[in-house]
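In structure tokens below, several structures.
Shared between the two complexes below is chain A, which has chain B as its partner in the first and chain C in the second.
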Partner chain A sequence: MSESAKEDRLGKLRLCLQCAVCTGSCPVARVIDGYNPREIILRCLLYGEDKAVTDADTVWSCLTCHTCEERCPHGISVGDLLIEIMNRAAAEGRLPAAIRQTIANIARTGRAVPVSARCERLRKNLGLEPLRACDTDAVQELFRKCGVDKMLEPKCE
Partner chain B sequence: MRIAFFPGCVIPIRYPGIEAATRFLAAKTGLDLVDMSFHCCPSPTGLKEASAGAWFALALANLRMAEAEGLDVVTICSGCGNTLREARKIYCGDEDKRAAVRELFDGEAFQGRTDVHHLPDLLARDETLDRLEAECVRPLEGLRVATHYGCHYFRPSSVMGGEDGSPEYPLPESMELILESLGAEIVDYGRPDLCCGAALAYNVGKTDESLRVLSEKLDEITRAEADAIVTPCPACLAQFDAGQSALGRKDKDQKLTPVYHIAELVACALGADLKRLDGKRHKVKAPLLLT
Partner chain C sequence: MIASKSNPEGEAPRVGVYVCHCGLNIGGTVDCEAVAKHAATLPDVVFTNHQLYTCSEPGQEQIRRDIAEHRLNRIVVAACSPRMHEPTFRACVKAAGLNPYLLEMANIREHCSWVHLHDKEQATEKAKDLVGMSVARARLLKAQEDISIPVLRKALVIGGGVAGIQSALELADAGYEVFLVEKGPSIGGRMAQIDKTFPTMDCSICILAPKMAEVGRHPNVTLMTLTEVTEIGGYVGNFTVTVKRKPRYVTSECAACPDCSDACPQFAPNEFDIGLATRKAIYLPFAQAVPPTFTIDMDLCLNKEGVRVCEKCVQACTRKCIDFNDVEREETLEVGSIIVATGVDTFDAAKIPQYLYGRAPNVITSLEFERLINAGGPTNGQLIRPSDHKIPKSVAFVQCVGSRSEKHNPYCSNVCCMNTVKDALLIKEHWPETEIKVFYIDMRTSGKGFEELFQRAKAEGVQFIRGLPGEIVEADRGNLRLLGEMTLMNKLYDIEAEMVILSIGLEPSQGSRDLRKALALPLTSDGFFMVAHPKLRPVDASTRGIFFAGCSEGPKDIKESVMQAGAAAAHANNIMRGGKVTVEAFTAEVDRDACVGCGACVKVCPYQAVSLDEEKKAVVVGAACSGCGTCGAECPFGAITMRHFTDAQIVAQIDAFSERDPERKILAFNCNWCSYAGADFAGVGRMQYPPDVRIIRTLCSGRVSTRFVERAFARGVGSVLISGCHIGDCHYIDANRQTEKRYLKLRKIMEEGGLDPERLQLVWVSAAEGQRFQEKIREMKRRLDKVTPEEIERSTALFRERELKSRRRARKRTEGVKEKARV
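And now, the complex of A and B:
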């Protein structure tokens, strides 16, 4: 994010009323103790975004349903803020195993879901063509350029 | 209308019957689907959370494939539709981010000409609704349907709202228009915009919590006495289907409501060979797809 974009966002976060409409609307906050978008915004304001979330496990529970920002009276993009917090944790090697596996699938086949012989047989039985091959070299090159290949290395476990 | 077909990952691999249904209804409604070698969209609940930069780059790489053929894109998954529309919007509106991806692609990644449509949006156009009414051979009369769009179909409204900037919020009505034209009755239920909770299970393994979110939604649908749940998203479909099945194993009194992808119901109503729709893949018995 550029410096001006960071300033814009911080300015926007300063509008937060701490009214907790985000948390009250959040389907995750109802079922997971300690998951609280209002508190995450407060911590960003008090300690800075890079130090806001110490318990990275919790933030990954976001469903990305975007209800929080839809209902925020100041239109704060809570979803984008959470994505950036997750991105920062991932860059430090803290990434849920299932998401790492999905990314590894994309790197290997171009698709997030594992492809199997059973699936190809079913497709044939339904009169569908075999799955097309994806350009995995191009996918892997973009992953390298964006640093995603490093997230897949075992040392991140 | 020639259009690039974006089947996504979940449907061609886990639910190929939905792909078959889409191909059938496309032929019936004048959509000429062009197959391309698209990779994962990628999902707004997966790669984007690890690296928004890589998510953006892969989405643009998909869009430029369609643009090279001069085609718009049609999606059959709310996640794919969201990612491709958001990436297009960011690219066309954020000079900083556009400059950053120019380096990745050694030049301009995309011109912004290719637009992205979710299947229900195309089917809900007036001329196509007329065609659905005319071609319907298995009317859905008497079927009480609860629609579930999936969060990414319509949120955030800043990305998923109409071309004129008007938000489709709280909810779109494309599926209502389609299903009514095929004879179904739409039932209103509480909190239709509530998330299905799927990502809590498949991203972080919190299956019980995921089912608690689903149960809140199911309670409302059951109260409205719906015969069927219809969604345009395979992730939501899997959550409703496998989730109800899991809840039913724990509680014998759990009401099980059949779940359909919108393409399955449309193809069924338009007279598709049901054996090609693979209805037995559904865990909760889906009677309209069974011969």
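And now, the complex of A and C:
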């Protein structure tokens, strides 16, 4: 992200009134304890974006539905902020186990959810063709080019 | 007179230059001593000084002493904006026996030190340039005499809310004839709709109604309801106002008995009760209405366009007051001053769909609440739920609805916090068991007695929860669930309430918006009218003789509105009291020898102040001329001189500007009213921009002749900016249309000459748009950095050539015409 885009976003964040309409509107906050977009904005403002989120796991709960942004009186792009934080965490290798597993699945099989034997059986019973194998070489190349494979390398703390 | 005491026109200029530090405001950024030293090297400068505060009494005393001691006959003060202290220094030099127009100011604060805080070196260089330009102009200044114009001792007050009523009463009591114009059928405004006032919990209509009645019967007040202002012309002391008076169809004989409306078969929602009750086609807006006269809503009445199908009201009226032949009339009012008190509208809560206003019946607005809780309202003061007419046991208030939002209104509406505190207490007073929760972002209770009322509400058990609901959803039995987060607990809430009251913000009224077209007054970024100075002239419009009262200038509570109304009346009184005012005589003057009678000036004058006489020479009617200078800019023969803003003075500024590194700089022409003030605003707001620009002030952007721009490019200037009021906002009717034409013409010349036309820019900047000016300069600087020396060379050659050619042509034509005259 360019410096000016970063500055623009931070400028917008500074408009935040902490009115909590974002958290009040968030479908995830209602079910995931500790996930609070308003608090993430406050942390960004008080500690800076880089140090805002130490516990990466909560950020990954965002469904990017953008309801918060839609209702925010200042139209702050909370979703974009979270995506940026997720990207940054990922680049540093701070990925939650579940996400890491999903990426590994895609790399190995080309699918986020592996095809189970039960699924194959069901398809057969319904008269559907078996799922075709994906071109995993292409997927892996894509991952290499995008640097996704590096995110999966274990990091020493 | 004073000018004759010392007649500097005959003498050689002896310029004194004073560089003000303004404490650290200028001195902290600009090396004032270096600027003063530089000034000493300039032609005709015989004395320089730099002072901590030039505007202070010792500072002024120094100037007065120096004028005598060093026989100074021109004074340049390099300090703040002339819009700030020009009157101060004019008075100062006048006291020393110098004509006040022999003073010139260089704006090195708003246009320099404040906007280049972090570039001391460049700021100092810029200050030197600005002083150099001012000295160049000062050397050519001539003494001017103000003209005195008569003032009508009559005032117009637009808007019949509490502010308008108060202004009208104060002026009427002071003996002036007052026209109080109100768009609706009754005066009273928003205050009449409100139940109680904070923080005293007074009955609103009880304290307003006597004032309404008083203004209605005051011998000096002409009350004009159902009347709209359509046009305003003229100037301070002599405004001509056109009003449209809609027919009422009921004569003033009306005794306000309900017989006619009882008989009327047509129903409509009552606007006064925000549609919570009905009225008839013939109606009295509310019980205390002034004038106490019924009115017919012709959109609702069955009788249309003279076709009489229903006569029930006519039959019912024993006093025979109904007149279906009443027609719309136009009237012209002549007044000396105008007070604008056009009030506010409220935010439309339906614009925030997740709060369900307009969809869930038990979600109401704070204004609807006022009507419900009012004993004279549609429910006789019973706070009942629209869905089932039951009194709610739990009520939730949601604050900041439509306020403090980039999407809606960015400002705080000022009154809603206290209004909610008051409303909550009113509910507690009537139904103490009611559970009340207020969802807020910040409770703003800064006013006399406000915090105390807030504490009282808490003591009565009103709960204040920090965190607005993200959404409101409908629950069983017409109840509502508010979903949100209590930020102070980091905990989500899901709270059920039987009724939700949305605390809606205030907006500039439609009336203000309509009136703006007639007044051409600048607005601040919030959409409300802008005052001449936010601190020191808080009721004056930028146009002399016009004042603001109440919410037309910004959201206010009743007390503030009444205070501003009183101040506006006092200022209007100051203008009218003497029966005359002095105005600057910056009018156009025609050199009859140079005039060839081409009539170009006649075509562009927005005031029809220029005409051709029988000898085919242009003549200017002084009283009609406002001094915009667009005629002077248009005249190809230099036959028109604009007093105090002459071609020679402006050209001297351009030449002084281009003495040092012109290719690396931007020359800006800013009009006095909007764009110069806009650049001042950028300064006051410390909006930083590149220090490469220097501003020349003209009264109107229409004064900027193509010759000035050509002159600048011929002298190797890198970029030129022309800046004026927005189209439609021009202080000289529409003189800025000419600006646009000249700009396009110049761009075409540049394009055809193979030059980069982007080096010339035009931007409309209102007095509130400092940021727009800042952005424009930033953008122009980026472009300027790409301009090559070859490009500069080409433009210099092209415009030099054009200058020579046009001079030859003008000479030839003048000679030709004179020849013809001789024959």
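Annotations for the structure displayed:
In the analysis below, the second predicted complex is superposed on the first by the 140 of 157 C-alpha atoms of A that agree within 3 Å, B and C clash if a C-alpha of one lies under 4 Å from a C-alpha of the other, contacts with A are read in each partner's own complex, and residues count from 1 in each chain.
Convention: a residue touches a chain if its C-beta (ideal position, glycine included) is under 8 Å from a C-beta of that chain, and two chains touch if they have at least 3 such contacts.
Since this is a predicted model, take the numbers as computed values, not measurements.
On the superposed chain A, the positions of chain B and chain C stay apart, so the two partners fit side by side. Once the two complexes are laid over each other on the shared chain, residue contacts for A:Glu129 go to chain B alone; chain C is not touched.
One of chain B and chain C touches more residues of chain A, and that partner is B. Rounded to the nearest 10, the angle at the Cα centre of chain A between the centres of chain B and chain C is 90 degrees. Of the two partner chains, chain C is the only one that A:Arg38 touches; chain B does not reach it. By the touch criterion defined above, A:Ala29 reaches chain C but does not reach chain B. Touch criterion met: A:Cys19 reaches chain C, while chain B stays clear of it. When the two structures are aligned on the shared chain, A:His74 is found in touch with chain C, with no touch to chain B. When the two structures are aligned on their common chain, the gap between the nearest CA atoms of chain B and chain C comes to 6 Å. Common to the chain B and chain C contact sets on chain A are residues 30, 67. Only residues 2, 5, 27-28, 30-32, 57, 60-67, 69-70, 77, 79, 83-84, 86-87, 90-91, 95-96, 98-100, 102-103, 106, 110-116, 119, 122-123, 126-129, 131-136, 138-139, 142-143, 145-148, 151 of chain A touch chain B when the two sit together in their complex.
By the touch criterion stated above, chain C contacts chain A in their complex at residues 354, 400, 404-408, 441-442, 466-471, 483-487, 490, 492.
Chain B meets chain A in the complex at residues 9-10, 12-14, 16-17, 19-20, 23, 35-40, 42-54, 57-58, 61, 96, 104, 151-152, 155-157, 169, 193-195, 197-200, 202-206, 209, 212-213, 216, 276, 278. Of all residues in chain A, only 15, 17-26, 29-30, 36, 38-39, 67, 71, 73-75 touch chain C in the complex they form.
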